[in-house]
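Notes to accompany the following structure.
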Amino acid sequence: MVILPKNSCRTCTLTNYQTVGLIGKPEHAGANATLSSLLVYLHKKGCRVLVEETIAKQFQDKDMTPCTLEEIGQQADLAIVVGGDGKMLGAARVLAEFDIDVVGVNRGNLGFLTDLDPEDYETQLDGIFEGKSQLEERFILEVEVYQGGELKSSNKAVNEVVLHHSKVAHMMEFEVYIDDIFAFSQRSDGLIVATPTGSTAYSLSGGGAILTPNLDAVTLVPMFPHTLSARPIVVDASSVITMKISPENADSFQVSCDSHVVLTVLAGDKITIRKNPGKLSLVHPEDYNYFKVLRSKLGWGSKLY
Amino acid sequence: MVILPKNSCRTCTLTNYQTVGLIGKPEHAGANATLSSLLVYLHKKGCRVLVEETIAKQFQDKDMTPCTLEEIGQQADLAIVVGGDGKMLGAARVLAEFDIDVVGVNRGNLGFLTDLDPEDYETQLDGIFEGKSQLEERFILEVEVYQGGELKSSNKAVNEVVLHHSKVAHMMEFEVYIDDIFAFSQRSDGLIVATPTGSTAYSLSGGGAILTPNLDAVTLVPMFPHTLSARPIVVDASSVITMKISPENADSFQVSCDSHVVLTVLAGDKITIRKNPGKLSLVHPEDYNYFKVLRSKLGWGSKLY
Amino acid sequence: MVILPKNSCRTCTLTNYQTVGLIGKPEHAGANATLSSLLVYLHKKGCRVLVEETIAKQFQDKDMTPCTLEEIGQQADLAIVVGGDGKMLGAARVLAEFDIDVVGVNRGNLGFLTDLDPEDYETQLDGIFEGKSQLEERFILEVEVYQGGELKSSNKAVNEVVLHHSKVAHMMEFEVYIDDIFAFSQRSDGLIVATPTGSTAYSLSGGGAILTPNLDAVTLVPMFPHTLSARPIVVDASSVITMKISPENADSFQVSCDSHVVLTVLAGDKITIRKNPGKLSLVHPEDYNYFKVLRSKLGWGSKLY
Amino acid sequence: MVILPKNSCRTCTLTNYQTVGLIGKPEHAGANATLSSLLVYLHKKGCRVLVEETIAKQFQDKDMTPCTLEEIGQQADLAIVVGGDGKMLGAARVLAEFDIDVVGVNRGNLGFLTDLDPEDYETQLDGIFEGKSQLEERFILEVEVYQGGELKSSNKAVNEVVLHHSKVAHMMEFEVYIDDIFAFSQRSDGLIVATPTGSTAYSLSGGGAILTPNLDAVTLVPMFPHTLSARPIVVDASSVITMKISPENADSFQVSCDSHVVLTVLAGDKITIRKNPGKLSLVHPEDYNYFKVLRSKLGWGSKLY
């Protein structure tokens, strides 16, 4: 496969998306139907279509190019993710490195990040192709695990990085530093470090506040803290958050990214979390409204009068 | 070893404890020192001393009988547990089946259940031997896991039974029935079912209320619930609590008792939790005060004037 | 008006309610319609109908006897309250003193206590008249305010007694005793003491646990506590709860019962809260299900499969 | 009194504070002692001393100029506030309009904002006079109440603006707009809108997250919300927050600033909250550490190893 140069005319408002990547849940009837219909839709628009390889075999007889996620990031102007927030998070961890817009069609449960209705996406996508859209950049986190000063492993997270014991309901002991200044120690099941994007996910279940997406901040939410005075704290996203695991801890621990990628952590290890230079460029329909999503997904109060 | 009949004169107020069991953390310097000194103390009192077998080897040259926990339960009038709450909970899960009083000497962190000060226990123990004490019965829970109607495993808990995903930060889906009446379904990391004794432990870290020990009630505390309207609920301890795991769940789950014993649970399984007929008979020094323990352990407010 | 002896045949299952009291929101169109239709319904049943005096004038031309709430309590076998939970609470504070069953028709917002549907109450009431019903006793609280040892004022509460500053968002300082044992001191905006009935009302908004109605327990929920370690605590309903207001407090305070009755409290005053000997005898339709009410009113999770 | 031009050499590191304002709790023995000693200290430094008029009479025989807070703001380079956080907040609401540094000597309870120890402030103040200090700008809020489009009243807040019912434990109904976009409606006792500075005060008692002082964000914390899904939300401090009071509310309401200033609000009124152009310029000793303050004031965890 030849790596083509990116569409150089991204700012034109009409048909600015010439190469489009399709990403989706494999072997999911609903997602398949939407992907098939999107393939027809995109060909009508005259787009070149790249299909992520794990689902490409289902469309072998169609006019499309099977690709890795990275290749989609390099070559496409727009990625359409068909699935739930989990699928979107997985794609976003990779695509955030590239200069590509991303939009989601909801084929999952909640769909905080997947705006488009699978039964009725055409009008909204038409608008997006005509530049009638809202582009929103969401920052993502990178986490590194150090052992004795050596980098052992690293990864990225769109929603949250969670440090926790490798067993449920087991306490661990660690210290937290913000920009190398000691902030607090904690005995707890772990700590959630969430972006604004992740503030409506696991962090919210754990009692964290919602952070609107335009905030350059992360929230630290203790999990089952033993100290009753422990509280969530919101810090500047430009801060480097360091967690030092007590060498006294006999057990093994984990860092998980978006409840998906898992890194192993041992007593005495040091974990740093900071903003990744990449950005997830979410493209929303023109009438997108963050608070409306909160209301419909979280059951917040509707207008009174 | 001959199983002796129990002291038949338990209600006499003087030296009613003739056979005393010693239980403790093995290979813990502080606990060892206390156990050695207790052995001397109990011999002075004229008591027959049974020592739990895992620590008995440290006292091989002394006048004592190595025993299992069950044998201590059968033969002794009083068990003295030297350690933290973890040690006490482990002993209590076994001893609750027997007619035996239990007192703790604190060699751990918090010591909610271990009243006596290791540096100064003699006066308090003297009082307890003279009947100057408070006897408090704490109920315990039993949990059973059923697969297709067949009992698969069971265990007991003094603090709490926790149903959770076998991986941290992973959601599960289940239904809760109270006395066979459907109460609620939940998507969450799991559910804590705590006794009043356990209400100051994991349940409290998860946002549950404190239940005073004399209440005949258990509290159900959701862990990281996805539904924001989920709240802790307190129900009658005579109720049978049933949790049905959705057969849709693809993963494996666990039931843990006092963060110690772990039972495996699979999709479609049914878990029942009810009061065990046994009782933990905690004997406290005469001046024991539950609220004082809460204040000193949890940092509640002291008297103002 | 002559005070008639109560129907002496309350235990017969057919037409056991011979005298029925009607209580409702005055000048509320919806409540009026329901009350008018109830009057017709009850006459058809052959019942003698007492109407609470504040709404009686609307039915002057009808065959009914205007009464005080107390007279309804003395003479009627059943009281039907048409309105929201506020109306029910007001009636219940009085009726709990008497041997009378109480049922509610919901003409308010939430309707935790008012089971019957105003559009379709006849079948359910027919069942209740035929004894096809569930009778549930709910205990109520009494609160007394003492100044220098002298009783200054007192009242009753079905949901909760709240001690608070007379100004919103102002801190006060007090001590709490349970059965004359000092439990904790607190700097906060106040303290909620709620019954199981009230545990789904103000107490729940303040982070308290839900207590099922059959529990003989009350929950103490701090309001905006300054100490971060303050937590809700559930105690035996047979306990006497005493709150001593610091004589250092310069301001004035209030005790409110069900957010309705307000008693004045000054620095140095002592407040006691205990179970009232009266009981609210709620009669529910045969198919009443407490958890179903929780699910429909609080948005708890429905059955999964 | 002549209004002198400000010291034009504020950036010089030595003796840059030539005119110093003293502000304090009147008739408070501890504060008086500190103020007297500060007067001597400042004269030794060669400073011109302005004393806030409510405390000036206590120092009539001394070499100082009685002034209003505004005059101190206009003329002084540094204001020293002796008292608790309440005194500091009151001074800050006025001084934030002016180009003046502010430091506090703690003569109150918590002292989040008053860094200096009254028993040992000299070394720290010496450092501050030598420019060995940290200067931190804290933004403040302004609130406006509109009736039928007309501005009715307005004020400023350093910690928080609270909208609430004029009676404790009474619900109100309102809508919240962020930058004129409808965000959510709420039935609750009210809403706290707190700055990072206020995030460790009332907002924290109400379950809000801590916001580090460098964040340009405000947190909205519901008070006793009736909807169980209501959660604290953190929004950009550049947003305009508008609250519309339901015209259906029959009662009267209040907006309070820092629990001190109270504005009346009626049904149908509109309230806007935005960042004030003024800034509170807090000067801290060189070794000031925000997290250390959190740990010592809130009981957060200390270093482990």
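Labels for the chains are A, B, C and D, by order of writing; each one numbers its residues from 1.
We take it that a residue touches a chain if its C-beta (ideal position, glycine included) is under 8 Å from a C-beta of that chain, and two chains touch if they have at least 3 such contacts.
Since the structure is predicted, the reported quantities are computational estimates derived from the model, not experimental observations.
Using the average of C-alpha coordinates as each chain's centre, C ends up farthest from subunit A. Each of A-C and A-B has its own count of C-beta contacts, and the greater count is at A-B.
Note: centroid distance subunit B to subunit C, computed from Cα atoms, is 37 Å. Inter-chain spacing, taken between the CA centroids of subunit A and subunit B, is 42 Å. Separation between the centroids of subunit A and subunit C, computed from CA atoms only, is 48 Å.
In subunit B, the positions touching at least two other chains are 204, 207, 228-229, 231, 298-299. Taken in their complex, subunit B has these residues touching subunit D: 228-229, 231, 299. Contact residues of subunit C toward subunit B in the complex are 173-175, 178, 181-187, 204, 207-212, 214-215, 217, 219, 227, 229-236, 246-248, 289, 291, 294-295, 298-305. The part of subunit D that touches subunit C in the complex is made up of residues 162, 164-170, 188-190, 202, 204-207, 223-226, 228-229, 254, 256, 259, 298-299.
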